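The following pair of complexes shares a single chain, chain A, combined with chain B in the former and chain C in the latter.
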Partner chain A sequence: MPRNGSFAILFNTLVVMFMLAPLVIVCLVAFTPENTLSLPGWNWSLRWFRKVFEHPDFVTSFINSLWLATVSASIAVGLAVPASLAITRGNFPGRQALEGLFLSPLVIPHLVLGVALLQMFARIGATGSFVWLSLAHVVVITPYAMRLLIAAMTGYDRSVEHAALSLGASRLTVFRRITLPMILPGVSGGWLLCFINSFDEVTMSIFITAPSTITLPVKMYMYATESIDPMMAAVSALVVGLTAATALLLDRIYGLDRVLVGQR
Partner chain B sequence: MSDTSTPRARSAVWLTLPSLLLFTVVLLTPLSLTLLLSFNEYDAARGATGGFTFSHYAAIVSDGYYLEIFLRTLRIGLITTFLCVLIGVPEAYILSRMAAPWRSVFLMIVLTPLLVSVVVRTFGWSMLLGIEGPVNMLFQALGIGKTRMLYTEGAVITALVHVMLPFMVIPVWTALQKLDPQVEQAALSFGASRLTAIVRVVLPQIMPGILSGGLIVFGLAASSFAIPGLLGGRRLKMVATTVYDQYLHELNWPMGAAIAVILLIANLIVMLTCHRVVERQYRRRLG
Partner chain C sequence: MPFLELDALSKHYGPVKAVDDVSLSVEQGEFISLLGPSGCGKTTTLQMIAGFVDATAGRIRLQGRDITHAPANTRGLGIVFQSYALFPHMTVADNVAFGLEMQKVDRAERARRVEQALALVHLDAHAGRYPRELSGGQRQRVALARAIVIRPPLLLLDEPLSNLDAKLREAMQFELRTIQQQVGTTTIMVTHDQAEAFSVSDRVVVMQSGRITQIDTPYEVYEHPASEFISRFVGKTNLLPPATANGPQRHIRPEKLTLKPAGQGRSDATVVDRFFLGSQWLYHLESPLGPMVVVQVNDGSPAHAPGTVVALDWDDATLRTLPEGSR
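Moving on to the complex of A and B:
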């Protein structure tokens, strides 16, 4: 394997700096003691973090986002497991069309879904409903779970299942005792990936959240368009921390490289 | 197995029915409603009034205001894609030649920002590019002088490249993983220069990866909302921010719907082309 030259190493260093710069500055500015967006010198302060926790809107929207991401990730995985089972194992007409439909939210701009749902929710009176908001999130994040689950279910040895069936186990027992444990990394990895994607979703949510159901990214977007102070940096630093923790967990459970790069 | 195709098909129905129901209600129905809305007549006093008209689509094609927004979006999308190819392809190549621990460490550093909220990353750029920000301090140190960068196309493109770069690196990296490094070695040992080996041996083989990455980046960049919304300001409108304005400020929903439908169709064409590219590459590899 030929080694990288010094120019290649310099290039890589610049790209890495470019990728990390906005995240690093957000985390540094969050600790400023000043009233303006500035880098903390020798004095680091937690005052802006305290400000965040005293700000009722941010606290509410953060709790909303946690709930929303938990609920919609659970529903998405609950739907994706049976659907992926049918898609990977069945050979029924319309199988590919179904798979295409379930993966289609990946190629539909969230903005378009947002305005479409805004219109429909206004018509059926679902504006401000947490349940409908969750269902919208489920549609957007289900493809992520489904991709991991389809990958986990293809290329897996089914002889154990067949043995259990021929020894008289019921289909439900086979699923509970054999299939589920074997696809568990795909299930929990899919859940975490769904959680992250729901927690981060902003473009669609802007159109379909009401003040009572507003999510953290939407609140942050609104806040950033009106005023910019270090509190925004503190919230962002908290989000970066939470994302990093989830990413570490995801790496432990499923492997971050497999989630991000895929394994076609 | 003992089961015939009939109970299997029946169980497939039961397994997919809940998702199918949800996708029909929360995806297909609202999209159809939007398509219908885009043909509705609009009256400034009464809003969407029903009826059937092509006038919104006609206005988009003939009105300079909308044309400019579409052209700007196209331009920003193309420049972003070009820069992502220019940075992402060599970066993926360099990553693939790194030694064992560094390779995955740097790959994860480049890809993991993908998981951080776009709002956070965009806010980071608005600080970096601010008038008192680090980039301006660097410019001053270099003797360039303070430059107003926020609310310019440059700022929007910078943040877009940052957010889209992982989508370029991933397919190129995947394509590079499938290469046989010995072929490049062979070219080198037959006397080809480094550059010739890359251009004539490596590049043609990873072309499908570059193409599909470029299409994904273009599709996502052209439909991006939060980045132009936060870094473009009021004046620098892209298609997505215009749809937002039509719906929430102008309250001209039929016009917003027409722009959204065009955005959706353009996006689907780009993404399905990308799918074709990947499929064809996949089939060729299978023989």
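Moving on to the complex of A and C:
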């Protein structure tokens, strides 16, 4: 591996600092004993964390968000795998159009989608339905999985599949034993990206969540519009901590490189 | 009954005839090369035999069974791909075992045959490695072991050596031939490299624009090419003027010409340039007969310097005439 020059190291350090600084600050603020958003001095307190758990609706919305992200990311990847297989290797009319259609949610503002879906949900009586909320999220996050999977599948050597076929494998066996393991980094990376995007989505969800299906970001947004206190920081710190723990765990078990890049 | 028979096999893509009316009979145990420039249809022919490309017309019969439209995964053929196509997420042993697993060979027998196949290609020590940890030549041999371990009736090799460097390629040519003779599998190899085709094959099938233009032993293809195209494709050639006014063009190979002191041959010629090839000298000469290419064995005697006048001589028995309009 080539060694980085001192300039490159400096540049990368600055970029990482720029990206991490807000997270670090919000985590520090979460420990303040004061009533305002301020950095804790010598006194650190867990009072705002305690306050979070005194709001059961925050815990519920967090669980809602987890479920929603898990379900919609899985559906999105389930759709994106066959779709990107067809797009990268098929040779049928309308292939380009299909790819455009799948990626189009990327260019539609979530605000517009939210308003449109609100009207549709009201009309078909889907307000407050977890299933319809998940489907709305699937629409928004599928492009992310598609992008990653198409990238993972282009330049993929088809003769590997031919080799498996020639050795007597059925088409299903070829997919299960050869194709899927080879595109696994794209699949897992795509799922993770979808999960994060769904978990993070607020603009569209504000319009289409009901009290029973409210997600954490929407809950936080609504809380923050009413009162600004360090409890928001505590919630954020909890999410950051949980994400970091998950990433560490994944790295321990599989290695993040293997999940996202495909190296072992 | 021939072991493998291609009967008027064709593949058309719209108006383009990628393979046009190809007929070929292969005997059991034979090593056949499909030789031709890129785009001549040799790979498409191989892919039709393998079952990856569906024939437009014609028949493929293997051991008397019509397999023209049989799915690729029912043909049981061993195939070595140009890119090797190893399964990157499996070890060498698992790669080789895959075909046996598909045939539901039991575990103990599988292990025994994998070991045997890896020993045959001298890779027994690398069974636990992953393909990315191997060199190009080693990957090539894993691909070969994976193809022959299922004991296929027919082995198909698609440009198997083209990704190797020159020295390794030559070594692998001999190894390929040795292994093929040991296991006795009927083999069809696609190549654009005439030296490769000549050194390992029993017979060479020359293809050009989707058609077969000559089927012969390597020696016959080189010595008696059916057309000027083949003559130039498989080696260098010199054109001599016709012996009579309306006679046919005459050809002679560079190594059949000899250089003598000026005035002692059939025609004087001036050395324009010379190239040292190690075991041989390659001369470019200018003569009243036209430009000439001559190859002489490097027997230790001093080479002729550019500008030297020498004489060309040849044995009339080495002259070849080619069929009219055979281009």
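By our rule, the second predicted complex is superposed on the first by the 219 of 264 C-alpha atoms of A that agree within 3 Å, B and C clash if a C-alpha of one lies under 4 Å from a C-alpha of the other, contacts with A are read in each partner's own complex, and residues count from 1 in each chain.
Keep this in mind: a residue touches a chain if its C-beta (ideal position, glycine included) is under 8 Å from a C-beta of that chain, and two chains touch if they have at least 3 such contacts.
Keep in mind it's a predicted model, so treat the numbers as computed, not measured.
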For this session: Return the chain, chain B or chain C, that is in touch with more residues of chain A.
Result: B
Exercise. Does the superposition put A:V138 against chain B (first), chain C (second), both, or neither?
Worked result: first
For this session: Considering only the touch criterion stated at the top, classify A:I178 as touching first (chain B), second (chain C), both, or neither.
Result: second
For this session: Could you say whether A:F62 touches chain B, chain C, both of them, or neither, answering first, second, both or neither?
Result: neither
Exercise. A:H162 contacts which: chain B (first), chain C (second), both, neither?
Worked result: both
For this session: Look at A:S170 in the shared chain and tell me whether it touches chain B only, chain C only, both, or neither; answer first, second, both or neither.
Result: second
Exercise. Between chain B (first) and chain C (second), which does A:F49 come into contact with in this model arrangement: first, second, both, or neither?
Worked result: neither
Problem set entry | Overlap of the chain B and chain C footprints on chain A, listed as residue numbers | 162, 165
Problem set entry | Complex contacts: residues of chain A adjacent to chain B | 1-4, 8-9, 11-12, 15-16, 18-23, 25-26, 29, 37-39, 79-80, 82-83, 85-87, 89-92, 95, 98, 101-102, 104-113, 115-120, 123, 132, 135-136, 138-139, 142, 162, 165, 196, 199-200, 202-203, 206-207, 217, 220-221, 224-225, 228, 232-233, 236, 239-240, 243, 246-247, 256-257, 260-262, 264
Exercise. Given the complex with chain A, which residues does chain B contribute to the contact?
Worked result: 1-2, 5, 8-9, 11-16, 18-20, 22-23, 25-27, 29-31, 33-34, 37, 87, 90-91, 94-95, 97-98, 104, 106-128, 130, 132, 134, 159, 162, 165-166, 170, 173-174, 181, 184-185, 188, 219, 223, 225-226, 229-230, 240, 243-244, 247-248, 253, 256-257, 260-261, 263-264, 267-268, 271-272, 278, 282
Problem set entry | Interface residues, chain A side, partner chain C - complex | 157, 159-160, 162-171, 173, 177-178, 181-182
Exercise. Where on chain C does chain A make contact in their complex?
Worked result: 50-52, 72-79, 81-83, 85-89, 98-99, 102-103, 146, 150
